[in-house]
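Look at the two complexes coming up: chain A is in both, with chain B in one and chain C in the other.
For the complex of A and B:
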């Protein structure tokens, strides 16, 4: 018996096509195909970087919906490559974006530039990896220093710097098509929403609230607004009548559709004449009776509610809301103190009920039910309006990103200069430091002084190329040789007109003046130590980047690049 | 991943596509439209289309730009039902302007800044030159004055000029409310602020009809009927457009179109028989939001795939489940004495048969707004399942009347009934008729376009000079600004506004293109001829350095001269002024520019998924 089955399986096997052996590629970075792919990826992401970026239309080849965007999370998700190196880079950047939301494109462009520069200079990969690591620690140490020239402390006494930070994030995505007043309005709303989520009286443990975003198409951006509490869609013609606030409410996470969906694909046998549907409806009505007895006035379900139950509850003066969706569950629990009920087969325990104030708020053509607690709440709702779907979906993404960036400021209350100034500053700093410590560092890193300087040059050029990536209209990128800030010169302006054409540097801190010396980026200039700006008043940059996100992006980029440079073989199963 | 890179050179492929798409509707802008056949090569089906929206809808653009266009136009159409052609045409015109700018070496960033400024100028012009209803009412009086005969005499025009001086000097304080959204608040405001000398709705309607006089007549009639039946305050003419319905009847000449109070529905033979029994008596009504069949389950219900029935003893007498269910429902209906059922969904044939046998009239596929209105006026509560019905859900006092027996016009019998509630239900049905079945859709679209134009005009409380007037003014302003920039540039020699003037000039070109296309579509002008007239008009504007006051007069005079822009036949020339909707036009322009800017900034397409097609400029990642 055993032997027979073994034999038959052998015979079956003999009919199978032989597996082809795995393909092993030596030194993948030396192949022109891989280099082309990486270059293409870099071009793609680089052209999507910054407030004047070029947009990409993402769609599938069977006529699916078109997404117009320049957001790294969407772009990278759309990239699916046959080559593991591309997938590796994509994976690590996406991981960064999922944790910090911001600086995804910065990390990608920097990482890909590092790889490209490493291929260009004729050094052993090991040396480059070691030097990169060393320089990264140099950068992070510099950024952590109190007197770092490209860092500004955020002043929580006024909302101005927070608004500037929010505005930098919001205006970095041109798909939103926002005018000046519109982006100012949205930045203010973002900060307002953020402030609402910070609890006022802090108990032992600080817990931030949530901002729920509701997109509304077809309205002007300036009609966007923030409300404390939650706004829920309601069935039409709701009348609060003589309901006295606060209302008792119950929240179900189980489906009350009247089906047996929790059985999954399991089989069920029923006797002839037994009507499962009506039995479940009876069960649901029992539930309805109980909540009515307990004087529940607001009945919310994450999923579908059977129309019979809805009808029964409405006839008895209960406000019924179905299909709340998973994303609103957590905020609603926080807001009302209700415990979600996950079954319909037991009576609802008294502790599961929550309490909430309710009012009706018309917004546009829709009526929304406004839920808010008696006291302060850390839950708020942001209604985002825009003229069309494409711009609205990007605006929603950007606002969520802004919320995250603002939250990160609570961890480290500082920001970095934006507009490419941090990159040029760091490049100048690293160039200067590496010149100074070449004699000590090179023996530690096990390379010659020349090798060390070459690798450092490649690192700095990569940093600077991120700054140049901000310009997409053939303009020139420059660095000033005193403060090492980033300047852009429009393609139609000549160097003589620099003072008129570029009155301010990228981040808006430094003003141009006659006796300033400039150098084009990606050309050689004598190394110098960037001077700190000496002003009496604190700096007022117009563009700020998230400190936490950028420092992490820097690390992710260098480590990913090092990992890619370290890959010796690619073994692919081609079956 | 496949990746198609649109090369961002001076030949922007996306903009070219946009321009090409908008070229499809060139002959369909303006009041004079030609019908088009759109044929599906694979199936051989064809549709007759007239409006720009239907053209795009039926072309089903598949490319990324095409989808973006369709998404935008669909959004606009859903809200306004008119102005889609203007949107698409200008998107094309301005994408050509952007292409031209690129070709001249202007950077994308400069184009964006300049064009945004351009649209601000245009929207500003609209705001400034909009005519409020108050002005309109005064104007009416002027024309009605004994001196002002139909042929514009010199006295009348002087009078007009004086009047414009008067009313426009006030216009400085006038605020045109542009918000379209807060209807309730808005209607309050209208009723309080409005001057007693309201312009006549008929006059407004005529000036907004844009060649669809018949459809506009129906719209006005329907609006007035709505106002009357809902006993709204006469000073607040904003009607509730959600209570207007259309009923399409083919086989009748177009002149048979009419407006009827109540809700007209078409019935099949069997239903008609039941209708004859229940007609002309107050009936009890049940409203069902789902389908009326045994297998129907509400949305979100997952039926079990693995349910098995176990029988203990074999019972052959058991009838099938559906019959049981139908019996149960009919018994319930008879108990409740329901004689009329309106369902939003479908009704199974068996239910119709059973109900007809018991003289219960069942009507399927009823508009949900009808259910709502009938529900609120009869006290009926819409339910999802028929088995849910109880005494309290049933409403009463509904009347069914046989409105017309249309059987003689079509082979299969067809009866139209009018369902109304004794108390004012407030529903008004517009019956659209045509001998040609394929034309019905176009006629219905025309009606809705007119109804929405009227609705939005009343909501805005102001109108925009039509017949190309607003566009001409914008062209004038854009060119003036461009000239201003040029002069300033040559004086200061700065490069800052170097390109702005040029881009504004090109944008104005897009608008001129629109005006001439509309003129050419009337069939009375060649393209060259139209251009000459427009440029003549513009030079006049420039020479006079027109003040806002004189503008309206100019436009109305120019109309008398050449009747070029108007839809009015030349022989009945100076009859009326033509106006456009303020908010609709502003919104259409904004959306058109949004489209152009999005496409202009796009430099690549990322195509996900495995693809077999290998096009020339695809790159694989």
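For the complex of A and C:
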């Protein structure tokens, strides 16, 4: 003990200002304080999981905006790291979410359950780490197999499964406050927008287009829509009466406000009496003349256009759009084929001109200029409407996540059964496999057979606890003992009435029938090998999860838990 | 005003080193784990490397900082052994302290007990170092090397599973750094990288030295993906996005290396500002035109370029990467043999290299697209982990593996002849061994304390004819295997018996009688401890003894107050540690 106190006297920052010594914790996972913190974090995230999640309000102590959410990325960022272990887990999950946009809560609940279960069973941490690693490879190998019971091949010929996938993502975020028809509408729009960004004629390399999202507050969700092409704000009331489509357009990336260009470090000496402003305006008007001569009808600039030039162009019947912003530049270049002009002094080259169809679309109180190309395009615009700002910002976030999840299907065209069925299926599979290979695996992993089975049981219980987390209304979670799917039983029903209370399993593929056997998820049941579903099943899954995101989340969760379990000492800089 | 004086006693030194030992022990040995850190910036870091743990501590005590500095120096060279360093040092200090307090007037009578304790301790340490510098290598060559066997660089890259020793050496190294979970995975990755970079050169360690030096530019850390996604990718990764659209051309683009694109000083004439800016635009265009005439289609720039330059490059169909780091430029120039352009008006063919391809690459969570530029058979390493701290840990372990191997391939008796001339052995009877001992390179021995047991035994035999100081080292050495088997004393005794039982045979040929500590030990538990390098171990013992001598020569700490702006940049020197050795003799 005296060593520890002596150590803190040794530790000081090597700076001029004396700082408080670091705080050291020996064997952090044995301390009840750390365990309580982790349990609290798990409860918080668990209650935010799934479509019936309890929402969280995040507000800071200095009166910032109040955020209502159940999204892992927002929640985790809001958790101020009171302990290094918490921030370690947080960092891993946030990294996963920023890359895959989905399954963040799954990963965090699973990871925290693994740590908790490991603390409960009295095994050496090294054994648990090795067994976890082994079981993880068992799971991923099973998921990669063709005949895996919880995997669904996506059929790109019909949009049905894509819509189901999109809908599962959208309905798992209850903050959007969407009714059934509304979430169906948004799911359809998300899939439509995704399909528009996939190019039709594929060259040697597929390059996906972009969806530009425009949020609009105060309209009904059902008014949301997707358009091919781009919608831009119109500068004023314009009439396109005498303009024939398609129009020739030019795009400037350089500022046309009359400021000096930023190139070169040369020294500038200006003689007295020289009017630099008028010189620059003259130069700009020269540009305008050339553009008019080349029959340009649409003039777009990323930055500001000098009012004199604007006036001159408008008087000559050109539509002028300024301050486009950097984010719309790339889609506009792709849409029109115009190369942006960055120089003012050379004549505008021919490649700088593009062609585009223009029409005017009134949208609520606003009028938008709709640009769409003559041929096919991979650029589309999604107008999202919702009743108030909070719901709208969450809806926008959810749509971006959905787009990301849909794009992931291009890499691996499959999905996993949702509603907790994948978790229960994997748990049953792992339990069965570990019983079978115990005699081969335990010597390889350097542990006894009992240790191996205990650690495997902890792994399976953690998986099942993720499935249980989906239920928030005091209902019971069950597993059927044939297909190992997940079922929920409302709190007012008993097990005998399960056939009536829950007609379908979590993902909607298995129907309940008389001779099915169930077991509660937190109780022990005899291990069994989950039977594959009959291929001629008439039911389509109603809940699907992204395959790529979930497999990665599974791996990240186990690796993070293993890292945390391996921590023996914590040195915390509290300055 | 007097500078505050602080007398240093032997017990102070021991206390400081024991405190460091208590931290390091948590991640030592087969049951050791990770140490987790937070910086004051909130950054989280995990490590099992003693060097990183100790340097992250921000110590204020001058003695502790001195020890950390020694550990840092040692492990930067050898890449390994930092925890054993602290352990051995603490153990030696403890034994010396015990000896000195028991018999303070061993060498000279002093008026105060403390002074004579210090003198005794110093004397013992000096004798130990002297012994180590003159005799230790011979002892190791005679008593330890026969039980080990040789590895060479060729073995690492060999595809056959015939000789597993080098693979085992790497596995053991990665296990001490990254734990059981990933050691095999990183071993394979390491061997793969090495075999790709194998240069047909007469010096085998050449490619390894090169990889070690340019490791910073050669690897990319990616967070948010599982560790198993770590891999090798073809080409050199430039950690910057393309500033202009990437070319669709695949075959043979050329490349210029523009370091600075700047217009010279020119005073405008009376036609004013418009003229100036059009002139600068023209000069940019002329440079691009020159590059175009050479057929350049990829441009790497060390500096940020203006939008006009980017536009000009886009129009010329050139793809430009700006803000390329110095390390990457230097690696590129080494690989391609081109020289960077320093003056844009003079562009010559020697500035231009031919690439096989050049394409964007999506890596990592933060949409960091990197351009990949290939030149002949270049391979880059991508290290993945769920969190940044973990990726960083893996990268550090990878680099230390290079250092460890480089040290392992060094001969044990490199400095032998030079030493014998300068420091003639005095009292200790010189070994009557043949002086023509072969200098063995790349000798490895099974881990788990075999080296310590063997050296302990050798010192024990040797120590009969010699002074008390050698016995100290002999005792201290055993503390290392004692910690390895700290969870079970029975295993310690079993391992020692097993090693010592093999000694009398004294085999003469290498690899004839290699001692296995692997295999089931005790109650069916497999303790596969792998291999470690004898050369690393030898250097470790030397470094510890040098550090010990330095520590015991200090008798006083002066705490001075430095003036702010004369502060040294070295953070370890920030508080001037004006401690110096004073000879009382």
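Here is the rule we use: the second predicted complex is superposed on the first by the 442 of 575 C-alpha atoms of A that agree within 3 Å, B and C clash if a C-alpha of one lies under 4 Å from a C-alpha of the other, contacts with A are read in each partner's own complex, and residues count from 1 in each chain.
Here is the rule we go by: a residue touches a chain if its C-beta (ideal position, glycine included) is under 8 Å from a C-beta of that chain, and two chains touch if they have at least 3 such contacts.
Predicted model only: the values in this text are computed from it and were never measured.
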item	value
Partner chain in contact with A:340 - chain B first, chain C second, else both or neither	second
Which of chain B and chain C A:329 touches, first, second, both or neither	neither
Which superposed partner A:276 touches (first chain B, second chain C, both, neither)	both
Which superposed partner A:84 touches (first chain B, second chain C, both, neither)	second
Chain A positions touched by chain B in one structure and by chain C in the second	81, 260-261, 263, 265-271, 276
Contact footprint of chain A on chain B as seen in their complex	1-3, 8, 62, 64-65, 67-68, 71-72, 75, 79, 107-110, 116, 181-184, 289-290, 297-312, 315, 318, 372, 376, 381, 383-385, 388, 392-393, 494-496, 498-499, 587, 590-591, 594, 597-598, 601-611, 613, 619-621
Complex contacts: residues of chain A adjacent to chain C	3-4, 6-7, 10-16, 19, 22, 24, 26, 28, 81, 84-85, 87-88, 91-92, 95-96, 98-100, 124-126, 129-130, 133, 253-254, 260-271, 274, 276, 279-280, 282-283, 339-346, 349, 351, 443, 446, 448, 552, 555-556, 559-560, 562-563, 566-575
Sites on chain A touched by chain B in the complex	37, 40-41, 44, 47, 52-63, 65-66, 68, 75, 78-81, 83, 86, 174-175, 177, 179, 217-219, 223, 236-237, 255, 257-261, 263, 265-272, 276, 303-304, 306-308, 311, 315, 323, 362, 364-365, 387-391, 472-475, 490-493, 497, 500-501
Residues on chain C engaged by chain A in the complex (per definition of touch)	15-16, 18-19, 22-23, 26-27, 30-40, 42, 44, 46, 53, 56-61, 64-65, 179-181, 223-228, 262-268, 270, 272-274, 276-278, 280-282, 284-285, 306-312, 314-315, 364-366, 385-390, 524-526, 528, 564, 567, 571-572, 574-575
